[in-house]
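Okay, so chain A shows up in both of these, paired with chain B first and chain C after.
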Partner chain A sequence: MFAEFVEGPFWYFSLGVFVVGVAWRFITMLRFGTRRDLSVARASAAVGALRTNLSRFLPRREVAGRIRVPVVAGYLFHLGLFALLLFAAPHVEFIKNHITGFGWTPMPHWAFILASEAAFIGLLVLWLHRVLNPVTRLLSRADDHIAAILVFVVMLTGCLALFQSFDGLRVTHLFLAELLLLYFPFSSLMHALMFVPSRGYTGASLGRRGIHA
Partner chain B sequence: MSERFEQGMSTLRKQMDARVVSYLSSCVNCGVCAEACLFYTETGDPRYTPIYKVEPLRRLWHGEYTFWGKLASAFGFGSTLTEQDFADWEELVYDGCTMCGRCSMVCPVGIDIAYMIRKVKEGLAAAGYSPDDLKSAAQRAVEIGSPMGVTLATLQATISVQEKECGIPITMDREGADYLCLFSSGEIVGFPEFIGSIARIFKAADVSWTISSDYFEATNTGVQIGNSAVAAQLIERIVSAAEKLKVKYVISPECGHAYTTIRWDAPNIIGRPLPFDVVHILELLDQLRREGRLKTRGSTDMHLTYHDPCNISRRGGVVREPRHLLDMVAPNFEEMSDHGAMNWCCGGGGGVSTIERARDLRTRVFNVKKRQLDEIGVEAVVTACSNCRHTWEDGLEAYGPEEDVVELIGLTELVARYLVEDESRAR
Partner chain C sequence: MTAKPAGEKSQRKPHIGRWLVCLLAVVLVVPLIPYTFADRGNVPNPGADLWREVRQREAPVTGTTQVKGVDTGVLINIRGEQWRQFRMQTLLPAGGMVLGAVVGLIALFYLVRGTIRVPGGRSGKRIQRFTEYDRILHWSTVFLFYLLAVTGLVLLYGRFLLIPLLGPDGFAVTASACKEAHNLFGPLFFVVLVLLVINFIRSNLPKWVDIKWLLKGGGLFGGHASAGYFNGGEKIWFWLVTLFGLAICVSGFVLLFQNFDQGRQLMEISHVIHSSLALLLVAGSFGHAYIGTLGMEGSLESMTTGSVDANWAKAHHDLWMEERAAKGLDENAAPSPEQQSPPGKTAPGYQT
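Our next item is the complex of A and B:
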């Protein structure tokens, strides 16, 4: 019965909250508006927006040496997570059956092992850095920890479900993923989408000054 | 809650815009911004983390505009801002930040933290939580026309001395001149040779220019303190002076924040485009160089470096021009390790050098510049901001007499030293 609930009504509910919640966050952000910049531009704001959206994927040389741990761990986690999300065989099957109607070639088993190890190591190191570094310890709030723990347990149950072939684990994994979808629009996980306008605004504002931000 | 705190909260609410919301929604508290900020790297105090300085704005947004914040408030659990928070953040925001924007260049999600710190200042200033030294400077700027109390009489006396030294008359209030030149009070008082230098350069390059007796101050204490009304008032004086003299361009002198204010912020502060173009003195000198109107002969053999004023380079976009000019007169020029748009701030801009209680902090964070200097061992530091120059002087003095032998030179003055003023000797 729980499995039917998780695979049925609760899936549609959590997906709906996710989609409507994310849309609401973007709409409310845009409704605040921005004032048109009345200064005479030196260069293109649009080019600046695009440039900054791409350039911030790599750390600047001048600070790279100081932030090696969060950068390496951050990339391990994010790349591993995206690989799992989009190319793990059960996910490809789920997306095909429940979202898109079509699938694609999933990654081989060895790649799944690699991706999941990278994601786990990255997330654990990031979380350790968060609690041990005095700066991140000062900045961090409950939201940061809840998001990390939620993602961790989703990943953990996912890997266990794949290896144990116990349907209860698969349902648990799906249930926790649906909780993550519910939490997403109301949390710092929104950075996964909001980084685009954030980088864009800065890139446009400084780019029109001729600054490669 | 006091009326002035309510005023501060009301002003802080008005600072919200789509940019701020996108920034606050993207921040994952990664702490990378701290590693770009000299106030953190040189003190090790995590409270100087740039995004932490924005905390009053973040808490306002969280409490009044987010799901969890509004839910918590409905049940009486919200962590609302208090007047004590304003008091606590005053030192972090004013003493511990020059709005240099280095943090904005490194944030992985692209947050322009300096943009938001400027907004936090608006709220704190409206509530009365800004340093007394800045309040006094702002009052002098409004009442006298200069944050340092430099009067027209002082300027005229300085001009008179410079006219005698360079042998060139400097005409004030010349209607129809192409360029109106502003000055920072720091320049007039501390480095008046800048005025003589531009007089010589402009004569040699046949540039039509003038100074306004109505208003000549380049710096904007309204921006430094975070009071848009004062900022607008000071900008309008420049606009009136320029309109009265019917100039085409206004020159921003060797001052960092003055440039970003008049060039990039002014139209948005007063709500309309400026009726003139703005050019930084370095941009104009480089333009004259390209046009063949600025000629030099000879050069210095000093081993020197260039300190990029943050609001001219990183926030202003004027990075290549000073290097073109240095190429003309300084073949032994060596860059500091982090330079150009990613230079380290000197720690004195944005009003910090005006705040006496911040002197020790400012001296401590200057250590990053001292380290940069020690790495390359130069004889001189060239810069294009009088405030940076004062900060460098104080910093080098604080680190002992051996450090004091490094010469500090303004870039315009350096170029003028090798100026060809007679066409027959032109190269």
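Our next item is the complex of A and C:
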């Protein structure tokens, strides 16, 4: 009964909320528009947007030493998570059956284990940095902690259900993933999609003035 | 010739039948006569040797087989039963008693001694003790250690403790999930443990003052025991975590990566080492967690904020404070969060 609900109506509901919610966030952002800059452009805004989008993947030299741990953890977590999300064999099968109608070659089991280890340790260290560093602790809101915990339990239940020995574990994982879809558009998790326009806006507005940001 | 009467012919048939029955009985019984009079104790059962070899009641025997692999020549592993009996009859009860005894002793100690307060009260001056990297390593280790401890204890004791609560089906799901989590997080614990050891090993090298500290019982029962950056108790815990932890990790890898042809016997020994040391380490961690939280005022702050009160540092790590004073480090000790922030606000109160 619960499994049918999770795999049926609740899946379509959460997917719908996710799609509509993300679209609404983007439309809201675009409707803000940009302030008209009457000054003469010193450099290309588009190049500035592109430069900032790429340059922000690396920490600034002045602070690189101090933030080495969260930077390494951030890469471990994000690369591991996206490898799991897009290339874990059960996910490829799920996407093929429920979303796209086609699949692709999944990663082997050993790669799944490595990706999940990287994602787990990365997320754990990032969260510890958030609560142990006085600056990030003050900047953090309940939303940030909820997002971290939700992502953690989704990943955890996914790994527990890896061999699909018990359907209950798989259904629990799917249910939590659906909660994540519902939470995503209204939380700081939106940075997964917003980081490109956000960096682009900053880079474009500064790049137009000739500042390398 | 006169014809024989019909009645005579009919009387002969049963007579022949009786002879045939007797002959059959003789054929069947006569060969048994020697066995009847023989000394049965000296007659070996021709099948006994075969089945003794198969069951290997006396010693493991390796036979030959077409199947190529580790232990494929062993039909029944006799040491598996010995391992099973050790697990069920020794390891589980002894482990339970150790864990229970440690919890009981800590509770008794708390009732007698209570929380050890900061001597002279809080000074209001904060002393930087651990960096953010130290604390991230510590709490990562704590998180992974207790995740592995809980999942490991479920695998060890769940059959007795959880089946009555969850039922067989519920326990099967829980045990499966715990096994996967244990296998997944075990290698991560190894990585974090190695980083922790590398980070803290220099400040945990034993010194003569640590022996004196231990002889005075760490000042827990009165008197003052001098200590440097880490005291004797902390150093013992560090080396227990290091040595037991690495042994647990190595034995865990033997159990986890079965594709290296290690064989059943090595895996049984590894399991005994893995679970015995893990139970001892879990029991030890209760003491470490107690003294770091409930047992001693001001200790937990060192791992949450990274700083400690100056009076706490003087009371528990006086030699470290003397070193700092000699270097002139404490002239700029940060004021406490209470002094630094307006009422109702919190402040970090330490430098990273």
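A few remarks follow.
Everything below uses one rule, namely that the second predicted complex is superposed on the first by the 211 of 213 C-alpha atoms of A that agree within 3 Å, B and C clash if a C-alpha of one lies under 4 Å from a C-alpha of the other, contacts with A are read in each partner's own complex, and residues count from 1 in each chain.
What we mean here is this: a contact is a pair of C-beta atoms (placed from the backbone, for glycine too) under 8 Å apart; a residue touches a chain by one contact, two chains touch by 3 or more.
This one's a predicted model, so the numbers in the text were calculated from it and none came from an experiment.
For the composite obtained by overlaying on chain A, chain B and chain C can both be accommodated side by side without a clash. Of the two partner chains placed by the overlay, neither chain B nor chain C lies in contact with A:Leu50. In the superposed model, the vertex angle chain B-chain A-chain C (Cα centres) comes to 120 degrees (nearest 10). By the touch criterion stated above, A:Leu132 is placed in contact with chain C alone, chain B being left untouched. Look at A:Ala111: by the touch rule set out above, it reaches neither chain B nor chain C.
Of the two partner chains placed by superposition, only chain B is touched by A:Ser198; chain C is not. In the superposition on chain A, A:Ile146 makes contact with neither chain B nor chain C. In the superposition on chain A, contact is made by A:Arg35 with chain B only, not with chain C.
Of the two partner chains placed around the shared chain by superposition, chain B is the only one that A:Arg209 touches, whereas chain C remains out of contact.
In this overlay, which is a superposition and not a single complex, chain B and chain C have their closest Cα atoms 6 Å apart.
In the superposition on the C-alpha atoms of chain A, the part of chain A touched by chain B in one complex and by chain C in the other spans residues 66, 133-135, 137-138. The touching residues of chain A, counted against chain B in their complex, run 25, 28-35, 37-40, 42, 52-53, 56, 59-63, 66-67, 70, 74, 130, 133-141, 143-144, 186, 188, 190-191, 194-195, 197-203, 205-206, 209-213. By the touch rule above, chain B contacts chain A in their complex via residues 16-23, 25-32, 34-36, 40-41, 44, 46-47, 49, 51-52, 65-68, 104-112, 115, 263-268, 271-273, 277-278, 314-317, 338, 341-342. Those residues of chain A whose C-beta lies close enough to touch chain C in the complex are 66, 69, 113, 116-117, 120-121, 124-125, 128-129, 132-135, 137-138, 156, 159-163, 165-166, 168-169.
Only residues 132-133, 135-136, 139-140, 143-144, 172-173, 176-177, 180-181, 184-185, 187-188, 191-192, 304-306, 347-350, 352 of chain C touch chain A when the two sit together in their complex.
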